[in-house]
Structure formats: C-alpha cells, structure tokens
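There are two complexes below, and they share chain A, which is joined by chain B in the first and by chain C in the second.
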Partner chain A sequence: MKDILRSLVDILGERGVSNAAEELWFYARDPGVLEAHFPDYVVAPETTEQVRQVVRLANEEKIPIVPMGNGMALTGLVIPLKGGIVMDMKRMNRILEVNEKARYAVVEGGTSQGALKAYLQDHHPQLRHSLPDAPPTTTIAANVSLHGQGRLTQQYGFNSDMVTGLEVVLPTGEVCKIGSPSLGPYWFSKGPTLPDLSGLFLGWLGTTGIFTKVGLKLYPNKKIRDVEIFVTDRVDLVPDIIYKLTHLEMLEDINAWFQPRPLMFKDNYHITMYFTGDTEEEVEFKRKMIWDSLEEFIVAKDGGFMGVGYMKPMLLEMPQRGIAAFADVPRGGGFEYSGPITLIEHYPDYALKVMELAEKYEVIYSSAARVVSGGHSMMFSISFAFNRADAAMMERVKKALDEATEFALEKGGIPWKPNYKEQRMTLEKLDPNTLKLLQMVKRNLDPNGIMNPGNWEVS
Partner chain B sequence: MYALKFEKEICATCPSPDCLLKCQYMEFDKDEAHQEMMKLVNGEDSRVLTECVTCYACEEYCRRGNHPYYLIGERREEKGILTAPRAITNQWINMTAMQGKQMVGEVQDTALSSCLIPELGMLGSGKLFEDVAQAITFGAEFMCPAVHTHFAKMSVVKERLPKVIDHFRQLGVEKVICLHDECYGTYTSIAPAFGIEVPFTPIYYMDFLLEKLNEMKDQITPLNIRAAYQRPCSNRLIPQKHRLVREIMDLIGVELPDRTYQDENSLCCAEILRAVSGYRLANDVQQRNIDDMVECGASYCVFNCPACQSTLSEKVAKRGLTPVHIIDLCKAAIGEKELEVTA
Partner chain C sequence: MAYVRSIEHADIVHRCFRCGYCKFPSDYVDFNCPSHKAFGWDTFSSGGRMWLIRAWLSGEIETSPRFAQILFSCVACGNCEAQCVYPRFKDFLLNIFEETKSELVDEGKIPPTVRDYFKAITVNGNPYKLPQDKRGEWSEGMGIEEFSGQEYLFYVGCVGSYDEVGREMARSVGKLLKDLGVSFGILGAEETCDGNEVKVLGEKGLFTALAEENIIKFKAKGVKKIVTLDPHALNVFRREYPKLGGAFQVRHYTEVVADAIGGGRTSFGPLKTRVTYHDPCYLGRRNLIFEPPREVLRAVPGLDLVEMRRWAVDSFCCGGGGGNFFTDVIGTGEQSPARVRVREALETGAEVLAVACPQCAKMLVDGVKAEGIEDRLEVMDIAQLLSRAGLA
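Up next is the complex of A and B:
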C-alpha cells in the first residue's frame, strides 16, 4: 500500500495537496441540502500532466476521485459520496486561445465563467459566450459537463451543444482529445464529421473523465441589449406566448417565471425576453416585432407588457444576482432547485405542481423556466428557499424536491443535474437497453469505478 | 361607500363639451362629443369607454368642474371594462398595497410626502427643504391611490384613499407638503369629488418652492438655459397650479420657449399609454413630444413627475436634451447642485 499523501505531494507539491481537517470540512459539502461526505484528500493541479498522474494513481489504488469546478451545482455533484480525492480544478484557469474569426475559445478545465467574460470584454469585445445565471466563479468545464444553460441557450441550445472540442483525462490515465483537436491544432468541432465522442463525457457529471481543456463556441456581442417583460394571469397561455415569441427567431433569451413575493409579482406569470442589436433602429424593430407578435393577448386583455424602467439595470446584469436575494427570503441564505428539461406545453402542469408542493411542505417557492433552442424544450426550475439553520425546513425542501423529480419523470421530463437520488430514480425509469448501453460505456471507460462514484451508478 | 359627486345637468346644459372635444387621443365633432358625454352620464355604452387612454386631461378641459375623467372611470368599472390587461391592472394593485413598510420621519405639524416614490425623498432635501426634510413620509400607507384611475379601478381609490388620509390624521399633521402632483391632485380634486374629507391642508410643492426661492432670492444665479417642460398627467387635476412652473422658471433664469405641445396641449410621457393602448400610440406620442422639444431649441427637459422622468430621460438624452427635475434645477440655481449637461 502506497503512502497516498506522499505520492500526491510528489505529483503536485506541498501546496497542491491537503488532508487538513478544515480543508476536508469545506470540500465535504456544497450549498444545497444534501448531507456532507468527507474526502480523504484534496488536490489542486496546475497542469494536465498532474491531473493525469493523480488519476493514474487513483486508478491503480482504486481510490475514488471527484473532479470539482466551483462546487455550485447545488445538487451535491461534487460531494465525495465515497470519500477519496476531490480534485479542485480552479488553478487550471488559463484562457489558451481565442479564435476571433472562427468564434471559439479554448480554456483550461478550471477556467471560470467570469474570467472568460472579462477576457472577452477586454480583448475581443465583439464576442461573447453563453453565460449562465450562476456566480461568475463557476467554471466552464463543470457547466458543460452537466449540460448547463446560459444566456444564449434560447438561440443556440445547451451550453454543452456549444462545445467545440475537449481534452479529457480518462479514468485509466490516458489524455484524450475529442473532435477537431484530435486531428490538428484547431478547436472548431467537437464531433462532426467524426463520430461524436463528446457524448461519452458531456452530461456524465465527471463520472467518465476529467476535462482539462474545453473548446467553446463564441457568438457576436451586439452593442445594445434590451429587455421586455410580458405578464399574464393565465398560466395556460404561457406555452402559446412562448410559441409566438420563438417564431420570431430574434430573441436572445426567454425566461418564464412566477413567484409570490414581492407582492407585485403575485398571481401573475412573467415572460422576460431579451433582444439585441447594433443600432437603435435594429432594437426598436425587434421591439415592434415582439409587441406585434403578442397583440392578440393584449387585445383580449389576457396579458400585457409591464414597465421595466427601474428594473432594467438589474435585468440586464450578467449574471443576474436575483437568485441570491431569493435564497435569503426565509433568512439563512439557502436555496435549491430541481430543473427538469421538459416540453414547453407542460408549463401549466409544472407551475401548478410548484405551488402545490410549496403549500404541502410549507416552503417558499419561485420558478424560472428557460426556453431551450428556439422552443424545443425548456428548463423548468422548481426552486425552494430555506434557512440553513433550520434543519426541519431543509428536510421539507428535500422532500419537496424529491417529489418534484418524481413528477417530472412521470411527465416524461429529464431531470437536470440530478442529485444521486434523482439519478437513481431516473435510471430506474430508463429503457433497459439504454441502461445497458450506459453500463457498457461506464465499465469500459472506468473499469475500477473510481470516477465520482455514487453518481450515475449504472452498474 | 363614497360616491362620485356628479351633476347630470351640468353636462346636459354644457355649451361646449371641451372634455371630449379637446381630447388629443379621440376625435369628435361638437355634437358627437356632447352625445358621447351624455351617454356616459346616463350609464349607456360609449366608445369613450374603450378608447379613452386615461391621460386625465378632460379634468382640465372641463371648465365646469364636473369631473368627466372620474366619471369615465366609474362607468368603466361598473361595466367591467378594463383599460389595461388584467395582469397589469392587478400588478399595480398589488405593488401599491399597504404592507406595513412605511417610513415616517420626525413629523410634527407638517409632513413632507414622498408618496411611494423613492426619488422624491432625495429631491426633498437640501437648503430648500431644510425645515421639512426630516418630516418625510414614504410608503404605500401614505401613497395617493390616483394611479388606479388609469386602470378604472375607482373602487381601489375609494377604498384606499380614506386609509391614507387616516394615516396622516394619526400623525396629527396640519399640513402635508406634496412632492408629487398626483398626491396634491388627490387631496384637492379626487377626495372632494368623492366626498372624502381631508383633515389637513395639502401644500403643493411648487408653492412651497416658490416661497423658498423668493426668500433666497439673493442666492439665486440665473441658469440662463432653454428648457422644455414635461407636464405630467396628474397636473391636469390641478390646472390652477400649472402657472407656477413658469413663475419658478422665470425666477431661476430658465427660458421656456413656446412649443406645440405645451399647457393644455401637453402630451403625456406615455408610460401608461404603453400599458393601456400599446406601444404604437406610446411611441408616436413620445416621438412627437420629443421632436417638439428639440424643435423649440430647448437644451434641457424639465420634469415635474419622477415617473415621467424615468420614462423619458433616456429618450430625451439620446436626442441631446439633458433630463432634470424641476427641484434639481432650483437647487442648481442656488448653487447647491451642479447642472448636468448631456454630452
């Protein structure tokens, strides 16, 4: 039996390894409601080679290893359920390349969303990436690995659809390039026209490998952004309203949301739409198209545009900080959500379910759904706030979220970034042959089951 | 329940139905204007009930004090005719609901009312307000509910106004200085129109300003600027006070060049028009209004109402006009504030 700590120090140096109690305490938990599990070691690599050596060591010694970005998924995806090594990727934070004309960036596996945003603002102001509404310290690699969404998801799909190539350290220690970088120096395609191997890693929540580099599509950064909010008191109309809006093919982002507080939002459903332009004329043309598209609802008095003047600076913030405010409604600053991906036509059923769960479990709710890829689906968040100092409230939130996931699965939805319990529920419902295929992939890639064990346990 | 004091005979015998004839958003000839008004008076259907954009101006156009605007609101509500979509109407009702979150300063015999508009608290400060700034009141508990007339929710006005008045009564105030035209209009026009007693003396802030500026005359340095004044809808409830704008401007050296849309012909900021009538009318009104401001050679757009200011500031600034509230102009004239200039 090797001295694991000594071996890790040999690979990473003293400053890259810790098993100090206070560090382990921190890496044992995330901000959500799930219980803590302590790791045995925490490592923070700076190079792909260090990642490779640590993974090889873990595989040899059959030690669990959990790759971690900023640990903000809220669903316990980086809680080391079976102990072992937590690999904090944040020191691998370099932006390696931006190809202005081909509109892609290549970043290291711990690069934060905020770092890329700032870099593009400073060096490539004509470009942007699909920034999620998460703290800017969250990482790009973690976001794509869990099929995250962002500001451009309505137009271009999940952020994972925007990946243009990967460098992955496999559980057996090989460094593998996926997509066009496997053939040459360019990072413009994660798959086509090769077999798309990115599917072996994207959505696997770090259970099939560790991303050390990510290529990511960038998009035009228009000079002006603007926002309108359409409000209706008829939840049954929300899918039709979104259908009309997505038909325009000119909106950056569409979010449908409702919440009981503050009082001005009570009993209404709000559809926030963002649009952009390089000139006032372009923006005003789009505004006109938006208003015209919803005229029938306005004429019928079923909905209208609310004044957004004083809210505009907050609405145009990227990322938005409103979630943090919601988390502190019951004091104690906690919130967690279930965010199934589902059909937009199911919006009314989900909305009613949120309110039913909130009443049943006596918790504070809010919900924000993001339209995905021009209306092919939406992420419907069922969010509950809780006080971290109130264990009973946290337990009620857990139960409410479990029930929300059951409901989503019954409705044919797909849980997004599910916690380990929700993953089990999902796998139980999965087509047996699909499950078998997942097992084949997992066993072949991770024969010793060291990668983020407890998650996507298909065996 | 309070009821609108409306005299049928006054309208029946009206020689010139200016209330509708002068309307800038609906077209009538004299006969039709009279007929439509009488339909309203008699509780019959009228196109006014679906076409009125709630600009308040008919309250000013009616020289006989018979409150046509309040009548339109009453009739709409009776017939269940909404001006804006339900969701928008209810949003306004909800966001102005009393929730016990009011803020009250050191109030003795006088209160300085900032309604439910945070910007008014900042404006009601400095040398001009040094005697009363500490007596500020803010919150839905002290908010005039006139805005609900835009949504033909007269029942909300009648339900909430007595409570607001009672909150001031509980403070034991003799005078309430109103920083918002809507408040002064509510206490001096809406309340008496519905037979609601006001147990304090409402003071219009421009009267207060004029008095202070006269006291501080030696400290005034004329600003020597040309400005276009954006008259708010609620000033139509108190047309007798409109002259004060020009008096104050004269005192601080601000020229108000003649323009098409001024005084009785003023155009509204159009924020409410947007909710009630849609963006086309709102855009058209704003476009004409700002074109007119530019054409008259103004370099500043002077606001009275913070809501108008919030709606139009960005738009006028894009056309080269500097947006400024009238109180800030006064503060600039006495050297308390720097006059901003739009780049």
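Up next is the complex of A and C:
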C-alpha cells in the first residue's frame, strides 16, 4: 500500500502537509453547529501543479478530498464528512492580472476577498468587485463556488454570475480552463458564446473540481457612496417598498433586515439602500429619486426614513465587521444561518417564520435579506446566534435551521449553501429528471466519488 | 492522574468565532499574523490558537511539541488584539495565549529553545550566557555616567548590552542623549534583565523575581524616570511593573529625543536619503507610540520618509516578539516575518530601513542578509541615522 503521507510530502514538501493532531482537530470542523469529522491529512498547495498531483493521487487511491477557503460558509461544507484530505487553498493567493479596460481580474483559487479589495484600492482605485459581508479572509473561489452574493448583487446578480473564466482541476486530475481562457490569454467570458461549462462547477460546492484560478468581473468604483434606511412596522409592505426601489435602477445594494436587539430596532423592518455617484449632484439626485419613490408610504404614515447619523461609518464599511459581531450577542462566539433564495413577495411569510422559530427554540435571531438582480429574487437570511459553550443552545439552533430549510423548500425556495442534510432534503424534492442529470454529471466528472463526498451526493 | 488544566480566562475562550479578522491588518492587504504567515496553517493564527486552546482545556487534544510550537511561535505583536471584532473579548487574547504558555511551562512541556532561554536567564541573568560584569561594556570610553540621581535611568536591556547589533545601537542612543544634553545615567554591570520576554513566554515565577529585583533596585537608587533603548523593556516597565509596586515614568528614547529637538531647539545636518520606518510592535501597536520616531526622522533635512504598505497600527512584526528573538520557534524561511518585512521595505524604494528597537534591528539585519539585498537596503537605528546626519 502506498505511503500517502510520503507521497503528499513529495508533492508539497514538508511545509505543505500535516497530519499532526492539532491540524486534524482544527480542520475537522467549521464555525457552525455541525459535528466534526476528522481528516487524515491537511495539505496546502502553492501551485496548480501541486493541486493537480494531489488530486491525481487522491483519485488513484480513492481518497476523499475537500477544498477549503476560510471555512466561513458556516454550513459544514468544508467538514471532511468522509475523512481524507482537506486542501487549504489560502497559500494560492496571488492576484494574477487586472484588465483595467475590460474590467476583470484573474486570481488564484485561495485569494481572499480582502486581498483583492486592497489590491484594487492600491492599483486600480476606479475598480471594485462585489465584496460579500463575510469576513475578508473568505476566498473568492469559495464564494463563487457556492453562488455567494456581495455588495453588487442587487445590480449584477450572484457573484457566480460575475465569473469570467475558471481554471479547474478535475477530480481525475486534468487541469481544465473554462470560457475564453480556454481559447486564448483573455479572461472575459466564462461561457458565451461557447456552451457554458462553468455550470458544471459553480454551485457544486467543490464536488466536481477544485478552482485554481478565477476570472471575476470588476465594476466602476464611484467616488461617493451613500446610504439611506427606510423603516416600516408593516412587514406586508416590504415587497412593495423593494419593488418601488428596484424600479429606479439606481441602487447598488438593497438589504431588508429586522432584529430584536438593540430594542430600538425591535418590531420594525429596515430597508437599507446603498447608492453611489461621481459627483454630489449625482448622489443628491439619486437620493431625491429614492425619497420620491417611497413618498406614498410616508404620506400614509406607514414608514419613514431614519437618520443614519452615527451608524453611517458602520453601514458604509466593506465588509461590515458588525455582521461577524452578531456571533457574540449571546457571548458565545457563534451564529449560523439558513439563506434560501426566494421570491421577494414571500418576505412577510419568511419574516414571521423567523420569529416563530426563534420563540419556539428560544434562540436569538437576526435577519437580513439581500435583493438579487434588480428584484428577481432575494437571499433571505435566517440567522441564529449561539453560545458555543452551550451544547443545548447549539442543538436548538440546529433544529431551528433544519425547520427553516423545510419551510423554504415548502415555499418553493432554494436553500443557499445548504449543509449536507439540507442538500438531501433538496434532492428529495428535486424533479426526478433533474436529479438524474445531476447524477450523470457527477458520475462522469468524479467517477470515484472523491470530491467533497457527502455533499451533493446524488447517487 | 490526569493533569488538570486551567487558565484564568478559560470561561471566555469559546467566544472566538474564528472569523479571521485577526489575521489581517485593517485594510486586508495581506496576512498580518506573523506566525500564520510563516507556517501557513490556520492553527498558527490567533483564531486557530484560540480554538486549539479550548480543545486542549477540554482534553480533546493533548499537550504536544506541535501544540507548544503553535503557542510559542506567537510573536505577541498584538495585531489580533487590534483587529478582533469582539469588544470585551479582544482585550484578553494575548492574556489567554500567555496563560496557556504558562500552563505548558508548569507542565514542563515547552520547546527546548524556550527551556534554554529560561535557564540562561536564571543562571546567567541574560540569554547570552555572558558574565554580568560585561553588561555595561557597550558604554566604555563614552563617558556615560553610572546612575546617581540624574533625571533618567537609561535602561539598555539584554540585547543592547550583549548583542553586537544591540550594543552598536546602545552606543548611538547613549551618544545622542548625551549630545542633546539629556540628564541620564546607566546601571552598567548592575543592570538586570527586565523580564518582558520571560513573562510573555509564561514563566511567571521567574518574571516576578526579576521584576521585584529591578523594582527594589530602582527604588533604592532613587529612580523616578526611565528612558529605554528597547520597546520590550518599555512595555514591561509601563504595563507590568506597576502591578508589582514599581510605578516609574517610562519613556522610549525616541520620545525623549523628540522632546529634546522639538520646536527647532536642535537641528541636524542634511542627509539626502530615502528612509522607511518599521514600527516595533511593543512601541507602536502595544503602547501606541507612533509619532515620536517619525517626528525625529522628519527633523533631518533632506531625509525623505516614506511609509511601507503596512505601518503604524497595521505594521507587520519583524518576528522577534514573544521571545522569538531568542527562541526562534517561528523559524526561518522565505515567509519568515523578517524576510517578508524587508521585502516590503524594499518596495518603497527606501535605501534605509529605520528601526527603534534592538531586537527589530537584529531581526531585520538578518532578514536583509537572508534576502541578499545588503547592497540595496541598510538597516539603521534612528539614533545611528541622526549620527550620520550630525548635529548642525
């Protein structure tokens, strides 16, 4: 039998491999509520060639392999459910190219959101990318692989829609370029006008390959960014308010949120609107349009704009540190959320469900929905904080989240970055022929079932 | 019987979300946790350590050489404390790491270099295993007086007393203080280790003994004000000695120099050179002294002060903190902090990398050598730079 550790060291060097108890313990879990599963090895490649060789070895030896960014999906997607190798991608963090005029960047598969943000500020201040509100250590590749969202999702869609090309190591060890980079040196299109093969990888949660390079669309970085918050106590009006706002086609981002703490926010629904401009005149014009669009709700005394004042720096911060701080509300270092993608018109039903679940399971909630693509859908986050030292509370959060996913599926929603249990629930509900198609794709790409097994397990 | 593990802040360790903000500077340009940068595993970041400490306290993992390496490679630079998003938790990150190291010390399961460091301090009073009477040798022929009630005690510390680079720096600073007319004296062969690294490495008993000895000595000699060469000494004098009854007015030499030259009282000759300044962690992030060193540098006509990408509160440690200057648990290699830092300095186009700490000086001199850029970047203490400029 092959000495796997020796083989991995041959590929990656001593610094790139560990089977020490400390690394195995740490990489067995993520910050969410799911139980740990220990890997046998942890590896950290620095080149595509190293990734290719490790994957080829894993495929030959039928060893599970789990790619990992920063592990902040919170839904256990990097937990090695069947052991094997966890591949920490963060050492592959070079920004390889920015095409200023074509507005795209090409980054390695472990590049963090924060690093790209800083790089653009330094070298291309007129450009930006759709930065998620996850901590800046999260990686661009992981974000697009799970259809993540960001600050520009309202305008331009899921961050995975912004991919302009991929380099993927297939489960059988081939390095495959997707989109325009498969034909030449440019990374401007992930598919069109070719058949869009990126769909074989985006949304598959690392079960069909490992991203070693990602091309990503960049967007104009306007000189001025501003924010307004509209507040209503009528949840039934939230979809109408969003409809009015998206009609403007002026907003960078729209988040609808509610939370019981601090008390000033309790029983109200807040719609945060971000807008930008290159001049004060442009910004003020947009502000006027926003205010005018919601005037009818103000006249009817159904809501109004709240002063953002002291909150402004926090609201304009990217990413917002305050979001991670939610984990500490019960003084316990954790939160997890279910984030179904669904219709905005279902917002009131989801909102009521969040509060119902929080009461039923005695957990602290927070919810922030993000509008996607001008209102075609939203990501509705159902977040529960927990105290990591309180196992019973963590169990209650787990049950509340399971029930939230059941509810979302009943409502016709799609679970976002579902954990393995939510994936099973989803697959059970899936159209049989769609399921069959998924099986065909998975079996052909990953004949030995080595890639992140336990996830999107369709057979 | 199993060893019962406990640390003072055990009840809050679980509050770490391992979100990773602690790995970065405030604008996320690169990983700013030196041990994470050097080893490349999440276990070597603050969040990784915190989670492992929790597992260790609960018995899920055992004390091991790897666990000790993870703990003792922390350079205590304080970046995690500066960047952590959890108020009322962030203030205790470094305490938790120190308390855990202290437990390992009690268990007797520490890296050999840490053990050797403690032994050298205990036996010789310094980590270099050199005789006590050589401690004041750096000042020979300079006409620097023994302390006898002058305004300041100039405390030099182990590195300034024994290390070649440190001694050169001590001489430059001593001369500068003299030239500026600062009233000061030294302890010379009577000086003993300040204990900063001993404390950070978790040897509480030894630290208390050193600190109490120093406090008694300082008080007996009538010391009221101390000017330190080494920011590490400044840190422990300012933050830890008062807890043991040793409250002195403690300043770093750059603060004293900045005051002495302020308002144009002293001027320097021109020095046409481009300089970038490395913030020592114990001066900058840990004690918020950012401006005085820069003020001093800006006082030199012709000197072009440029900042590195990471500076002030976002500065990247040289890798010498947390006792690693002596123990080198963090190790060498392309991603070692000193090498990363000198590459960053080079990117500014500077010819001189200015420092204000003898430990940083030595680490960065070694970094320059390891990178093979001696002909492009010179590491100089601020006092050495001023000496090159000369008093006008």
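The working rule: the second predicted complex is superposed on the first by the 459 of 459 C-alpha atoms of A that agree within 3 Å, B and C clash if a C-alpha of one lies under 4 Å from a C-alpha of the other, contacts with A are read in each partner's own complex, and residues count from 1 in each chain.
As a working rule, a contact is a pair of C-beta atoms (placed from the backbone, for glycine too) under 8 Å apart; a residue touches a chain by one contact, two chains touch by 3 or more.
What you see is a predicted model; the values in this text were computed from it and never measured.
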item: Touched partner set for A:Thr137, first chain B, second chain C, both or neither; value: second
item: First (chain B), second (chain C), both or neither touched by A:Asp233; value: first
item: Chain B versus chain C as contact partner of A:His247, first or second or both or neither; value: neither
item: Touched partner set for A:Gly333, first chain B, second chain C, both or neither; value: second
item: Touching partner for A:Lys436 - first (chain B), second (chain C), both, neither; value: neither
item: Contacts of A:Tyr27 with chain B and chain C, given as first, second, both or neither; value: second
item: Touching partner for A:Glu280 - first (chain B), second (chain C), both, neither; value: first
item: Contacts of A:Arg424 with chain B and chain C, given as first, second, both or neither; value: neither
item: Winner by number of chain A residues touched, once chain B and chain C are compared; value: C
item: Touching partner for A:Tyr310 - first (chain B), second (chain C), both, neither; value: first
item: Contact set on chain A toward chain C in their complex; value: 15-16, 18, 20-23, 25-27, 31, 42, 44, 70-72, 88, 90-91, 112-115, 117-119, 121-122, 135-138, 321-322, 324-325, 327-328, 331-335, 387-389
item: Partner chain A, residues of chain C touching it in the complex; value: 12, 14-21, 23-24, 27-30, 39-43, 48, 51-52, 55, 60-62, 64, 66-67, 70, 85-86, 89, 309, 333
item: Complex contacts: residues of chain B adjacent to chain A; value: 82, 84-88, 90-91, 94-95, 97, 99, 271, 274-275, 278-280, 310-311, 318
item: Touching residues (chain side chain A, partner chain B) in the complex; value: 231-233, 262-269, 280, 287-288, 291, 295, 297-298, 301-307, 309-310
